[in-house]
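Listed next: structures, encoded as structure tokens.
In the two assemblies presented below, chain A is common to both, partnered first by chain B and then by chain C.
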Partner chain A sequence: MFWRLVFQLLRGSRGRLAVAIIAIVSGAAVISALLNLDLGVQNKLTQEFRSLGANIVISPVSGAPAQISGAEVPSLMPEKDVVGVLQQLPSAQLAAAAPYLYIVARAQNIPVVVAGTWLDQSQKLDATWKVEGNWIASRDDNSRCLVGRNVARRLHLAVGNALELHYLDRSAHYSVAGIVDAGGTDDNQIFANLRAVQALANLPEQIGLAQVSVAGTAQVVADYAARLAAALPQYQVRPIRQVAEAEGALLGRIRLLIVSMVLLILILTALCVLGTMAALAMERRKDVGLMKSLGGSISRIVGIFLAEVGVLGAAGGLLGTILGAALSYWMGLRVFDTAIAPRWEVFPATIALMIVVTLTGALPLRMLGNVKPAEILRGE
Partner chain B sequence: MFARLLGESFARNPRRKVLTAAALVIGMAVATATLTIALEVGDRLAREFRSLGANLLVTPESDTLPVEIGGVDYRPVDEGAYLNEADLGKLKAIFWRHNILGFTPFLDVPAYVSETGGATTLIGTWYRHEVPVPDGTKFETGASATHPWWKISGRWFRDGADECVIGSALAEKYPAALALGKAIHVAAGGVSEGGRSLVVTGIVSTGDAEDNAVLVPLSVAQEISGHPGKFRQVFVSALTKPADALAERGERAQTDMNIQLTPTEYDRWFCSPYISSIGFQISTVLPGTEVHAIRRVAETEGRILTRVGTLLWIVTLAALGAAALAVAATSATTVLERRAEIGVMKALGASNALVGGIFLAEQVLLAIAGGAIGFFVGAGLARFLGESVFGTPASPRLILFPVVLALAAIIAMIGSLVPLRRAAHFRPAVILRGE
Partner chain C sequence: MATLVQVENLRKEFGNVRALDGVSFRVDAGAWIAIMGPSGSGKTTLINILGGLDTPTTGQAIVDGTDVGRLDEAGLTRFRAEKIGFIFQQFHLVPYLTALENVMLAQYFHSTTDENEARQSLERVGLGDRIEHLPSQLSGGEQQRVAVARALINHPKLILADEPTGNLDEANEEIVLSLLRELHAEGHTILMVTHAATIGRLADRRIEFAHGHLVQAAAASLKPELA
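The block that comes next holds the complex of A and B.
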């Protein structure tokens, strides 16, 4: 009986209900989309900051390397120490890592910095490089190298050319796989695989520094650096501060901005739904008059209306939340080029919020207690 | 007659009007606030991103390749080209001079420090230095502007004084010899003769190559190296606009002969603060230099700015949608509630046009009043938001005032149009009978 009354009521006043349902559904859609978006934003933006590349550098403690005039190398550390520790630490946060050995070799009798590294990692570690030609996909490819833009210009090198490097009495032959436009000091260097450079410099198993790119917030990076430092007490482990320092503050501001705007919209949407529900409730006075004159108790009547409103809120909320998840999926594609996955916690939160808001909107029903059936039925 | 009917309608049920107006005020306030913030956020965030430090690097057109490892140039002092310190003021004379927030010249000198008994790198730079600008004013700049993440314990050297700041890693290695207040003796190259005595005023931690070097005022490094008035490279921090297709074309047109910009395109490129156009303008006032965007910084900044910009416009759109919804729902409810009135009017012979006209006029009047109040509330809200997010209040945009008013009027009209169209089909008799 109770539920039959509820559904009768729902079916009876389609015009007004349509307005209320549209309000509830679109309200829930906006709210759930924005909640999804807000939860996803921090993640996505942190990823953007990570595109800055390496954020931790491991190097030998010793102070400035001696002046290197031609053939000397700055202070070194054994490769297996560093690589071993990197393999031991949990790999979940580790986006990329590579050891580096810098030597000053001569090419066409011009001194040039040659960096020996794992070239398969450089695409991740140096995400901002633009390479004309090809990246080198394997760290065992000892016949090809990447050449910085300025080096290529100075040595008149093009992709595919041969390049001979001299170091003391040894020499190595490469073909140029790609020309790197790095927009930084990397433009002045030649990049080859670590093994080959170690062989050229006769420094087997030695590296000058290691670069590590850790994914996650500034806090995660700092924690990872601290763990590395604890595992490698004999070396210097320093997070690259330029980004870490700015990141937190910037993210905080962007987040605050979005949260405050979302909050505004949330309040507005809630108010809108509230207003519509209140209007709907007031319209029900006539039905109340009828029910009362037929002998319905006031608590039962109010119960019926609350059930009606609650069903509306729950159904509209559910529909709206699904719509909102789709909306935030689209927003993610539009803004970050990757979808924002809907968060499960948004569903109950939005639906609960909609039910609360609709029930609050039905508060004027309290006044129904004072309704005098005779007056209402007389049409006043 | 029309006006009287309208006046009557307002006078008779003020409470309902207040409700509608309240929805309008709140809706339009949110719309104004989000629009104001969205219009301003690009500039604000771009400024915030300058906390990442310099985004342009100016070096001499390279005659020799810099032999640079870990940020330290190992070329002997007599090799390679230098730039003139006297020209630096010209950086503040380019078209986008106000977007140049700071610049810092660097001169790396291989040096010998007697106290550590070893070779070290001397980095000559500015911390806070007054540069004469061609227009006769002074501009104070230095590492404080371009390298904001450098942390000092103690204090920075005074400009031009016989003082130095020690990199933290170096100071850790020689805690006794390189402590605060100690005097150290520094000479150029690998020799211990000549040189100068400098007082240590601070220990700097940069998280980069400078941690292993001795930082001195630029003029001191110039004297020690025997290159007065010269430096090797200058870092520039410029306020830029994220790169788009035009910026990329403009940049490529500088090097690639095949790409030609039309004169209008060129003007638009030159007059937009893209990093490529600012770099181009710098290279024209400092001939013989190469200007590189520090892509690591510039690209991340551009990408995040673009993304946050799009994000905010979407959020603004959502706000506008929510505002429209609130207003339209209220308007629709108003019309529905007044079916009886419509019935009476029609029974007395009012045409559909007259009934619709009265209701629409009423909604528009309400919308304009509500929109106006909403605009000012929203401006205040934006001020508050700007204050709490960026530390400075967002200034109200008067241009938004007519926009918001029009928006309110249009939404209110649309909101009442649908129920009014239905009202046109009401049969007065049915309504008056109370069904």
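The block that comes next holds the complex of A and C.
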């Protein structure tokens, strides 16, 4: 009979409760969307920051440049030292890694910086590059190169053109696979696979630095860098702090914003329910007076009304949470250009919040405890 | 016959207004008493006190051995649920509950619900085919018959009817009065407030009020103790 009463109450007051249910569904939808975003945004932001490039750099300890074959090159490291350690560490957090050897070669008699690296990793380490033409998908492709936009303009190069590089008394021939628009200093460089550049510079198995991209929070990156540093004590291992700290600061601000908005929405929803319940309590005075005259205790009567409010909160919360999941999915596509999947833990959290809020908003029902049945039945 | 209701020097004041002033009488179990008098004479106040809806200022109102004035809120609630069946002039049905649910509501507050018993109670008052109707879908007479079924469902010791036919047309009035006659014949104790002398004469006995005083009473089952 209890639930029969509750649902008859809901049915009988559906007009009055419509305002409250709209407020609850709207509140739950926004809260659910915000919580989904809060939980999903960390991964998305990490991906965003990862797309900015490497977040750890391994380099020789600063020192005087080396003189090799009469040319000045920066301090170098044996390639196997770095690659060996990277292969030993757990690969789950390693998004991408590549060694680099930079030399200054000549093309059309113009000095140009040539970066030898693993070009199959460039798409991951330099995800923001725009490449006209083709990426180079294999680190064994020694016949093609990528050319920075400024170099291509200066040397009048286009995709498919031949390019001859000279370094001391050696030379190498390439065809241009793609023109890189990086929006930075990379536009002034030529990118070829490491083996070819090592051969051109006659620096086999030597690299100038390595860039590592670790997936995860700033703390994960710092932890990974510490393990690298422990494994490579002879080299300098530096997390790129600006990115990590910017990520942390941005995440913190976003979380503060989301928590503030959730609180504000909870308060507004509670106020809306409060207003509806105050009006409903006035309407229900006669029913309560009658129920009391029939022997209903105030705890049982208010219990029925609170259950009604609880059902309202749960149903509104559930509907709102589903709408919120769809909203967060849409917002993820719009803001992060990727879908944010609904998180299962958001469902019970949002529904519980809405039940608490509606029960808080039902405080005016307390005034029903003061109803005097004799006065109500007299029509006062 | 055993005394079911005993009122001793009952007084009720609302601010400076004395609604009941030293009223005393007794009612035997199984009696049908008509309480009569002009508006404002204290009839409804008496019914409310006997039904545990109000408390006396001084004096005693004892129903089935329970001194209503000494009960706390919880005690009054149990008293109303277990010993009293109310029939109001305005019917006072819950508008969003069906006839059946209105009857079951009284069961719910008394103890546990029994839908079959509630159906039988409605069938008894001639509403077997209206049990799923809302009050708004019933005539005034039908609503009052639902109220009678509700009043009876918990087998109360005392039925308190406040102008039970006051809002009914002649045909429905007769239906409700015949129900009250049946209840009386079955041994129920009924205290009925009425303005109408014709209806009052149907009761075993009448007591008349004026200005909060009991001014006339007569009966074997009604023992006046005029203050």
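The definition used in the following text is that the second predicted complex is superposed on the first by the 347 of 380 C-alpha atoms of A that agree within 3 Å, B and C clash if a C-alpha of one lies under 4 Å from a C-alpha of the other, contacts with A are read in each partner's own complex, and residues count from 1 in each chain.
Heads up, the rule we're going with is that a residue touches a chain if its C-beta (ideal position, glycine included) is under 8 Å from a C-beta of that chain, and two chains touch if they have at least 3 such contacts.
Note that the structure is a prediction, hence the values are computed from the model and not measured.
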Max touched-residue count on chain A (chain B vs chain C) belongs to chain B
Identify the partner contact of A:Ala33: answer first if only chain B is touched, second if only chain C is, both if each is, neither if none is. first
By the touch definition at the top of the document, which applies to A:Val113: first (chain B), second (chain C), both, or neither? first
For A:Leu209, using the defined touch cut-off, is the partner it touches chain B, chain C, both, or neither? Pick first, second, both or neither. first
Pick one for A:Leu168: touches chain B only (first), chain C only (second), both, or neither. neither
For A:Thr185, decide between first (touching chain B), second (touching chain C), both and neither. first
One more residue to check, A:Cys272. First (chain B), second (chain C), both or neither? first
According to the stated criteria, A:Tyr102 is in contact with first (chain B), second (chain C), both, or neither; which is it? first
Would you check which partner chain A:Ala339 touches, where first means chain B only, second means chain C only, and both and neither mean what they say? neither
Across the two complexes, find the residues of chain A that touch chain B and also touch chain C. 379
In the complex with chain B, residue positions of chain A that touch it: 15-16, 19, 22-23, 26-27, 30, 33-34, 37, 41, 44-45, 48-49, 51-53, 59, 61-69, 74, 102, 104, 110-113, 128, 150-151, 154, 182-185, 187-188, 208-209, 236, 238-243, 245-246, 249-250, 253-254, 256-258, 260-262, 264-265, 267-269, 271-272, 275-276, 279, 283, 331, 334-336, 379
For the complex, which residues does chain C have touching chain A? 44, 48, 51, 53-54, 73-74, 77-82, 84, 86, 88, 90, 92, 94-97, 101, 104-110, 113, 150, 154
Residue numbers of chain B touching chain A in their complex, please. 19, 23, 26-27, 30, 33-34, 37, 41, 45, 48-49, 51-53, 57, 62, 64-72, 74, 76, 110, 116, 118-121, 148-149, 169-170, 173-174, 190, 206-208, 211-213, 292-300, 303-304, 307-308, 310-312, 314-316, 318-319, 321-323, 325-326, 329-330, 332-333, 336-337, 381, 385, 388-390, 419, 422, 434
Give the list of chain A residues in touch with chain C in this complex. 1-2, 4-5, 8-9, 11-13, 286-287, 290-298, 300, 372-374, 377-379
